[in-house]
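Pasting the structures in now, so scroll down.
Look for chain A in each of the two complexes below; its partner is chain B in the first and chain C in the second.
Then we have the complex of A and B:
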């Protein structure tokens, strides 16, 4: 049962529920496309591509936990939200999922809506809400940023895994009876561990990028508290 | 990197399936999968029909069964889940070889294995006959929003950049006396993951700016896309697979 950490494949959740979530995912992604177009400039376009490539690469790292039966992978929603913002970030994760489903057979094509909802929509949304909150509360130091990245990554992974539990509860093809709570617990436990790994990777990556090229971190640009720039006096005042 | 951007799963060959325009293949694959998923799980014969269909396309595409089956191992974690279901499922129990198994769980496990495998095989066939470049062209012709195809283009392009940069950093580490073995490689890798990202970004940014200066405007030039969009005839040829699948699915729904 712990083996669910890979993307949902065909036949796990029934058709109608998959269709509902596909419609939901499509609607959210349409919004992301509309909002993301405004964000995507010359700096963000290559960044979005690299973030997607990075997520693609780390998702290939299907690492075993404890025993051979238990495996999970990183999701990357928090990294995407931090570096390219929630809209483009969700699109990046969704693109990764679509390509994986189309050519790698990882995650059924018919279940794409479920996977996109969990990892691209729920994961990125949870991460970005936390990022927006924590960056305002925590001190604006590398440590503060590291904590923000770590916590948002951890929570987003667990939230995404619980998204699957909700979907299975709504339309799982097999009635697990009272085992659903067990499923929720296992998913949360496994993904807590994955989340710690994901949090560490996200924090290291984002802090390094923020130190060298702070202009590349979307969250730092977008959430800068009322820019102090206009206060700078213009010498001479010649206008 | 210069030698095209074919991915590991692509099988260089010429076959009728290879020659079919990518948008036709993508649409056929998606529709086929939907038909499979919509089939009631108790219509066992229907899944045999789908398997025959997949085998026919594989034969046409000159993709051997050994290649397909070894690549389909990606699905293994779900097979394990499916095997566990008969034990975990609720409801009516049936005695099989001394074990009390849940009927619902058995059917559920079968459902996952059959539909999952068919889906994986279908996408492997798509991957084996379509280059990544064609895949993007296909998505573009299927009216995928430009921002999405753009992200996908850069993702596939930068995967090579990322892998190349990781290899360079590893060589640099090793040549400075690091002796990574097995799991301890991870430590060096984890410590350098931020640097890897930055280096890959800076290289990727140069690639992007070079593309911009050569007239890139968010969409690949028409020349890059090779032959024109699919003709009506090609759409018809491509439609045979999902149509047969839809026929099987409709019959199965009607019979159960």
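Then we have the complex of A and C:
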């Protein structure tokens, strides 16, 4: 059977660059622990455990992206940022990546800093910046939440993919003969398509949670504090 | 006080277990976006091994823990692919929840004491001083709004 690798494998980026990103990832995750503790209470902690477990599960579900022989899977940064906030969300994705590297042989242990930087740090940060912007300007409806989730998820995947391109530029093990732009373009194109899948999964999941337990969606608590819950004034006022 | 999350968490876990334990068997087996981009320029055989050409993945080495009992999302020694993938997924979801939930539970702010009253353990004390007066204020304003 072919190996089922989803993240950066050993030998793709050289040791020194991987070590620098490991230090960077560790520093950012430490900051996330310090800032995330403000958010982590008796209600958010179990929710964050669930978000990590859910991301692990959905990452296993590679979906076709309608270009020959290529699949995509959820990264989860936007989903985590929406449900448990940016600081705890980045930690959730990092937990998934650590479990995958140490137990499932997915993503080299020596490459963990690179994978954490791209998916946990860059992906979650890009997503939350967009979430914070979009939730403020879009209407407070399930559709507004869905659009926010879709766009932030899509963009976060492309940003994460370009994080890898930067790392490969700094320490890639094969000389591309100056064709870094080719790699950047290929990565961006493929991950734009994957981002559509990521966006659909993220929007579906978050809208579902918001319907069942709106109080458990961090982004709605933190960014739309005036609305106690998306008990959207049943659109009747507009009619 | 807000509603407890436990019922929701259990329900969510069941969904995750179903996805990782059953649906995972229907996932696409094609290389993902990263893998396929890294193989561009190389020719690959049916096993996914590089047979020639030049591409970013050609220096790829084995994983440090490639012999782990759950490596590559399968249970070693289990011949049935369906069970192997599903069981590894179920174990992964439970393990991730245990690790993540455990870490977050230990890191959480305890109780709703004001910052000066929260000095029980030395670490908690150090954290609350670095965190400053913001969390209680934040909490109070949130609580006020939700009332």
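Following the convention adopted for this analysis, the second predicted complex is superposed on the first by the 210 of 239 C-alpha atoms of A that agree within 3 Å, B and C clash if a C-alpha of one lies under 4 Å from a C-alpha of the other, contacts with A are read in each partner's own complex, and residues count from 1 in each chain.
What we mean here is this: contacts are C-beta pairs under 8 Å (C-beta built on N, C-alpha and C of every residue); 3 or more make two chains touch, one makes a residue touch a chain.
The model shown is predicted, which means the values in this text are computed figures rather than measured ones.
J.: Using the overlay on chain A, decide if chain B and chain C clash or can fit next to each other.
T.: Aligned on chain A, chain C clashes with chain B.
J.: Should A:48 be classified as contacting the first partner (chain B), the second (chain C), both, or neither?
T.: both
J.: For A:215, is the partner it touches chain B (first), chain C (second), both, or none of the two (neither)?
T.: Touch partner of A:215: chain C, not chain B.
J.: Considering only the touch criterion stated at the top, classify A:38 as touching first (chain B), second (chain C), both, or neither.
T.: Second partner only, chain C.
J.: Looking at A:109, would you say it contacts chain B, chain C, both, or neither? Reply first, second, both or neither.
T.: Once the two structures are laid over each other on A, A:109 reaches both partners.
J.: More chain A residues touched by chain B or by chain C?
T.: The partner that reaches more residues of chain A in the superposed model: C.
J.: Looking at the overlay, what does A:200 touch: chain B (first), chain C (second), both, or neither?
T.: In the superposition, A:200 touches chain B alone.
J.: Between chain B and chain C, whom does A:164 touch in the aligned arrangement: first, second, both, or neither?
T.: Touch partner of A:164: chain C, not chain B.
J.: Should A:96 be classified as contacting the first partner (chain B), the second (chain C), both, or neither?
T.: both
J.: Can A:18 be said to touch chain B (first), chain C (second), both, or neither?
T.: first
J.: If the shared chain A is used to align the two complexes, which stretch of chain C, 2-10, 110-118 or 128-136, clashes with chain B?
T.: 2-10
J.: Which residues form the common part of the chain A surface touched by chain B and by chain C?
T.: The overlap between the chain B and chain C interfaces on chain A comprises residues 1, 3-6, 9-12, 33, 36-37, 40, 42, 45-50, 52-54, 56-57, 69, 71, 88, 91-92, 95-96, 98-99, 101-106, 108-110, 173-174, 176, 212-213, 216.
J.: Inside the complex, what are the residues of chain B that reach chain A?
T.: Per the stated touch rule, the residues are 7, 9, 26, 29-30, 33-34, 36-38, 41, 71-72, 74-75, 77-78, 80-81, 84-85, 88-91, 104-105, 107-109, 111-116, 118-124, 126-127, 130, 132, 135, 145, 147-148, 150-159, 161-163, 190-191, 193-195, 197-198, 200-201, 204-205, 207-209, 212, 218.
J.: Could you list, by residue number, the parts of chain C that touch chain A in their complex?
T.: Going through chain C, the ones touching chain A are 2-6, 8-9, 12-13, 15-17, 19-20, 23-24, 27-38, 40, 47-48, 54-66, 68, 70-74, 88-89, 92-105, 107-109, 127, 130-131, 134-135, 138, 141-142, 145-146.
J.: So in the complex, the part of chain A that touches chain C is made up of which residues?
T.: For this pair, the touching residues of chain A are 1-12, 33-34, 36-38, 40-58, 60-65, 69-73, 88, 91-92, 95-96, 98-106, 108-110, 161, 164, 168, 172-174, 176, 182-183, 186-187, 190-191, 193-194, 212-213, 215-216, 221, 225-226, 228.
J.: So in the complex, which bits of chain A are touching chain B?
T.: 1, 3-6, 9-12, 15, 18, 33, 36-37, 40, 42, 45-50, 52-54, 56-57, 69, 71, 88, 91-92, 94-96, 98-99, 101-106, 108-110, 173-179, 200-201, 204-209, 212-213, 216
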